[in-house]
Amino acid sequence: MSADVLLRLDGISIRLPDPHEPALVDGVTLDVARGECLGLVGESGSGKSLLLRSIIGLVPPPLSAAGEVLWSDVPGAPLLAMDRRAARGRDVSMIFQEPMRSLNPSKRVSWTLAEPLRMRRGLHGVALRERIISLLEDVGIDDPHRIARSYPHELSGGLQQRVMIAAALSTDPDLLLCDEPTTALDVTTQARIIDLLKELQRSRGLSLVFVSHDLAVISEIADRVAVLNGGTLLEVGTAREVILDPRHSYTRMLVSSIPEQLSAGTTTDPTEAHP
Amino acid sequence: MTTTPIPTAPSTTTIALRRTRRSRRGARVSWFGVGIVALFVLVAILAPLLAPADPLAQNLTERLAPPSAAHLLGTDALGRDVLSRLIFASRIDLPLGIAAAVISASVGIVLGAAGGFIGRWVDTLLMRVGDLVMAFPTYVLVIALIAIMGAGVPAILVSFALLGWVPYARLLRAEIRRVTKEEYISAANLAGIVRWRILVIHVLPNAVRPIISYFVIDIMMAILTLASLSYLGLGVQPPLAEWGSMVAEGQPYIQTHWWLTGAPGLTIALLGLGFLLVGESIERRLRA
Amino acid sequence: MNALLRVTDLSVTYGRVRRGVTVAPTVCGVSFELSAGAAIGIVGESGSGKSTTARALVGLLPYGGTVELDGALLPLPRSREQRRRIQMVFQDPTSSLNPSIRCDRAVMQVLGARFSTAEDRRRRAYELLERVRLPGRLFGAWPSELSGGQRQRVAIARALATEPQVLIADEATSALDVSVQATILELLNELRASTGIGVVFISHDLTVVRATCSQVLVMRHGVVVEQGDVERVYTAPRDEYTRELIAAVPSIRVLSQTHEVDTGALPTPPRWVLAESA
């Protein structure tokens, strides 16, 4: 096994303060290779979002996280303990389900994008403006100047999501964490955002951890898939392996429940029986 | 075109926190607060048995006596036993406070329901009248009323009816509007349930909740108002014992006989604390 | 052939009608027929007008055009009895049930005059709750004690209590986990087969509609851009927008189409499965 591992989660457990309560995430160990997209699949209560947040230390109190998160700085570098707070926004960025929540509604898009660039890259004036425009272009926005001047509420859900992705990419991270970023979007917008993320993965060698409850979406974007249930990791493999040939009974149940599988010859229209 | 958020199943964190919060929180209300209020109610009911002396009995030879075995809190300027007056005052402040809050709540609920259910111009009219009432300094209006009706309890109760209804009306109206949009109301409508039944059985029970905690705290505010007015001489008239007027009576002697003012003041504070704790614990419970 | 539900030229316009001002209708020209025991889907993105259509069908919104149930025209406003014949199951499990009423009572309240005694009503309510496969111990529970899927079951039981001829599911499974959704869909199919109830299924999820309905209407900006047999529309769409919509739907089938180039480029760790106890 010689995958160039970028991130390793080693025995991550997330618990409530009460020791009698079952763990919300129980001893999960996962690797993310450089340049790959790892899909985290599970239903509600599986702990997938919590696991994602533990990578950058965003586990909300009173919950506490245990276990190690290891990071490899450059290709070939050994895996070392990651300073999660420092990595936030620098090596690792995150995008969320509802872009309106992470975009400051009283600030124009340009301000939201400018802030981290000013602080982390020390950009000002013309250089800053140009970088903002180029970021917006990178995420497929056709009219970057107009969008930069706009407020979040003036934009459609898809555009808001693109802006959030642009903000996440502004510091050139190696890893992008995605917490159900397309769940609240229309199906056509969702397809375009998925295409955008795949393109970014390909062109920048960006690694992704993509959380979703939707197996179809995961199929479109993930290279490898990890299945979670009740905080426990059940199965890991390539997307094709896990989804088309599931081994764990839970995964099999999950795959057979998706509507695509349901329609395979089971729709009954009683009126068809009698003329 | 903005996307309307599609509600999704709650997250692991939400489910877990909700479960622990439910199991950890044993009490619905602050038992300490309930205890304080219950104590006062008991004192008010049992006043004749608990008070060592007649609150109105004057003894001019024993004026301003310091605390002793016979008079645990001493005597006031007219030789009356302070402790007995303190105990009997609960028979005035507590029932009046509750009555005043009930009157405000009743008027407020009726008007708020009218605004919330009927809507349109009725609602607008009520809200603007409410704005007017709230804009006026309360005590100026009360004093004006007293000037018309004369000092004493009736004037106070009328002023609460006229002025205290606004928060109730606003709260109820807002809640009615929120609840009416909920899907179970549409479902009730579709099931063919008559409009008034929907309002009474489905809307009201869910809309009234935030008012309950406000009501409890309002009792405290009513007692404070009553005490303040009596302190100013506009409320309960002498020789009746009332905490606020006791504070005023003890004021000239505050440097030597601080307890004449301190005792009734602390009593008001303690009762107020009790109501506040109960009201806030109800509020927290509802929000959880 | 007599359709159970016949909708002709349904249109909905929001806002008060003012003289001299023409407001574009929010929904316009919706027509379809639904047979007993059949299911028809209405799909579209946000703002397409599908929810508005649903609410108009049920009589919660004023509309133009006609809605005929069992051959009889449904007037506006609807009488109490007429309202009960088309029921709706809503999207949000948290607001679909009155939080201050227990589940069994919620169903009992809605039963018809046919069930006169309290005993009758309780028995019928329990029958319905069993029908939707709610665990018996939860019959007397408060809504807050139930999961999303369980709440939707109670909502369906409550809708069935009026013995409706048509059930409209407005994104009824959208907020549920996929496995729970599968069981609710199965329940709806079973109800159609056993009671002959007709279902109108509103969803943004095209795969759900394909799994349950025989016919589909595709809506966009308040108008129907395509309608017909579900398989035909999905495999050979005629409208440009419909084609775009269907092409955008993600599918696990994409996995069987991609070639193995990827795994060559990224050597991956071996497959791992948690051992299951017997």
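As written, the chain order gives the labels A, B and C, with residue 1 at the start of each chain.
The rule is short, and it goes like this: a contact is a pair of C-beta atoms (placed from the backbone, for glycine too) under 8 Å apart; a residue touches a chain by one contact, two chains touch by 3 or more.
The structure presented is a predicted model; accordingly, all values stated were derived computationally and were not measured.
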{"item": "Centroid-based (C-alpha) most distant chain relative to chain A", "value": "B"}
{"item": "Pair sharing more residue contacts (C-beta pairs) when B-C is set against A-C", "value": "A-C"}
{"item": "Distance between the centres, which are taken as Cα means, of chain B and chain A, whole angstrom", "value": "51"}
{"item": "Whole-Å separation of chain centres (CA-atom averages), chain B against chain C", "value": "47"}
{"item": "Centre-to-centre distance between chain C and chain A (centres being mean Cα positions), rounded to whole Å", "value": "30"}
{"item": "Multi-chain contact sites of chain B, meaning residues that touch two or more partners", "value": "1-3, 6, 8-9"}
{"item": "Per-residue overlap in chain C, given as positions that touch at least 2 other chains", "value": "46, 177, 204"}
{"item": "Junction residues of chain A, two or more chains touched", "value": "43-44, 186"}
{"item": "Chain C contact footprint on chain A (complex, rising order)", "value": "1-3, 31, 33, 35-36, 43-44, 186-188, 190-192, 194, 213-217, 219-220, 223-224, 232-241, 243-244, 247-249, 253-260, 262-263, 266-272"}
{"item": "Of chain C, residues touching chain B in the complex", "value": "46-47, 58-60, 80-81, 83-84, 86-88, 90-101, 109-110, 148, 155, 158-159, 161-162, 171, 174-177, 204"}
{"item": "Footprint of chain C on chain B - complex, ascending", "value": "1-4, 6-9, 182-184, 186-194, 201-202, 205-206"}
{"item": "Interfacial residue positions of chain C with respect to chain A in the complex", "value": "35-39, 45-46, 177-179, 181-182, 185, 189, 192-193, 196, 204-208, 210-214, 230, 244-245, 247-256, 258, 262-263, 266-274, 276"}
